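Each chain gets a letter, A, B, C and D, in the order it is written, and its residues are counted from 1.
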Amino acid sequence: MRYTLILGFILFMIGLWAMLTRKNLFKIVIGFSIIDTGVHLIIVTIGYLSGKTAPILDKLVTPANAVQKVVDPIPSALVLTAIVIGLAVTALMLSYVVRLYKRRKSLSIEDYRELKW
Amino acid sequence: MAVLDILGAIITLIGSLFLLLGSIGILRMPDVYNRMQAGTKATTLGSMMFLLGLGISYIECGCIGRIVVLILFILFTNPISSHALARAAHHAGIKLADVSIRDCLKDDEQEQKGASV
Amino acid sequence: MIKRLLIIVVIILLIVIFLPFMKNVILKDSLNELSSGYVEKSVSDLKTANIVTAVVVTFRGLDTLGEVTVLFIATAGVGLLLKRKKGEKSKKSDKRPASEILQTGASFLFPLTILFGVYIFLHGHLTPGGGFQGGVIIASAFLLLLLSNINFQFNHTVLHWVESLSGAFYVLLGLLGLILLGSFLNPKFLPLGTLGTLFSAGAVPLIYSFIGLKVGSELSNILDSMRGAEE
Amino acid sequence: MITVFIIILGIIMILAAIIAVMSKNLLTAIISSGVISLLASIIYLILSAPDVAMTEAAIGSGLTTIVFLYALSRIKKINKEIDDD
């Protein structure tokens, strides 16, 4: 599963590049959400153990052999909460974008130069 | 058991055939509305038969009730969503193909406009 | 020009730093001590069939509490930023109403979707799913109403009460564990039952239901604020 | 077999990410960033994390796209109000 690790890394780099080079505020937020997906992919991959099943007990995974049969549940649990937070943070960023647009009527980051040095 | 297995496999095969025909239709049809029709009618029937075949071949897992609920859900949501998409496309002013001869929605809208004015 | 060069240098530097890490990361083939401890404990002590639920609700319960707090703060921020001022009335929207088929279908699907969300978070300790997924499904049910009916208004009083009460009950259940058993968010004060039935795993389904209600109402709130009130 | 599937999914995801970053049309960019999340949820399913797959499919491709679209429509509405005044 090294491929998903590399995939997550490439997505992270594309998102970072978008955040650094794009001028449009929307594109910056999209870059942020791509970074989010990449990081989640990497964390889930680190918890994966090849040839094992999901951490849910059923007919095949009995309480006796659960430890030998399941993948790591902790990264799944962490990513679960991280995805929900990601949505809330994206919504917060977008509401800032709407608010800035109402004030200055521009989506380009170059028009906001108060803190530029 | 073997009879049920073969029956389920045949139904799944027919369902996937419908899905294949639907995707060919999406590629070959001349305009948005015809494509949408191919992508809705064929895939609704196709995915219903696919799920039904799966439920028949794995009848011992006892998930046939859930599959019936899923089939009802697909039967209900797929046409509605396709209808909303087609209506939005018509409102956005996407032209019909040159070979088509009737546009009833346009006639209806003009009639309503005439009635209200 | 200098800025562009700087960006390229930063990206290349990051790739140079992280690529060896990506190459040398050791993908393990057995659980480490902490994870196997969690798996054993959740099967023997808590009787939850879904181990991820046990980790989210109990073993990492404080993380979840913090996460719900972050969600609440973000929702409050969105509502505050997009608040419409008193005098500022929006014009009558010129959107045309949705068609008859869509409205009827949406009003028929809405209760079914809510039911599905409740099913997901009540069965969070047995099957994949839980409070977060169920809450998202409830929010998408409200989204269906928002999209199909342009004049739809949320009843904000009910929404705020559901949100605050579910958050308060979540903390109260945690405190109950602290008082009765001596540790915060300990769900074992209810009978554990047998593995694999609906009434099992102590208070885990109850806690997850409150998380689900809170997440659902908060996400619906975010959607409503992002849409903007049509007066 | 599963490796080939993951590689194909990964190539589509990277293409979608590049389209999302480079496209001049904001609507295209938003939709392709939703496609990335949808394909990521399939990969989570292959990595045997069904809980994460459910959450990502519902949030990443559903609600996040909707939130982006609402923000875009609000910006268009502000534009229209300026034009009217």
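As a convention for this text, contacts are C-beta pairs under 8 Å (C-beta built on N, C-alpha and C of every residue); 3 or more make two chains touch, one makes a residue touch a chain.
None of the values given here were measured: they were computed from a predicted structure.
Across the two interfaces under comparison, A-C and B-C, the one joined by more C-beta contacts turns out to be A-C. In terms of their C-alpha centroids, the spacing between chain A and chain C amounts to 16 Å. Each chain gets one centre point, the mean of its Cα atoms, and the points for chain B and chain C are 32 Å apart.
Here the CA centre of chain B is 24 Å from the CA centre of chain D.
For chain D, residues touching at least two other chains, in rising order: 50-51, 55, 59, 63, 67, 71, 74.
Within chain C, residues 50, 52, 128, 130, 132, 136, 219, 222, 226 each touch two or more of the remaining chains. Remark: the chains found to touch one another pair up as A-C, A-D, B-C, C-D.
Taken in their complex, chain D has these residues touching chain A: 3, 6-7, 10, 13-14, 17-18, 20-21, 26, 29-30, 33, 36-37, 40, 43-44, 47-52, 55-56, 59-60, 63-64, 67-68, 71-72, 74-75, 78, 82. On chain B, the positions that touch chain C within their shared complex are 73, 76-77, 80, 83-84, 87, 91.
Chain contact summary for the complex, chain A toward chain C: residues 1-2, 5-6, 9, 13, 16-17, 20-21, 45-46, 48-50, 54-58, 63, 66-68, 70, 72-74, 76-78, 80-81, 83-85, 87-89, 91-92, 94-96, 98-99.
Of all residues in chain C, only 96, 98-99, 101-102, 105, 108-109, 112 touch chain B in the complex they form. Only residues 50-51, 54-55, 58-59, 62-63, 66-67, 70-71, 74, 77, 81, 84 of chain D touch chain C when the two sit together in their complex.
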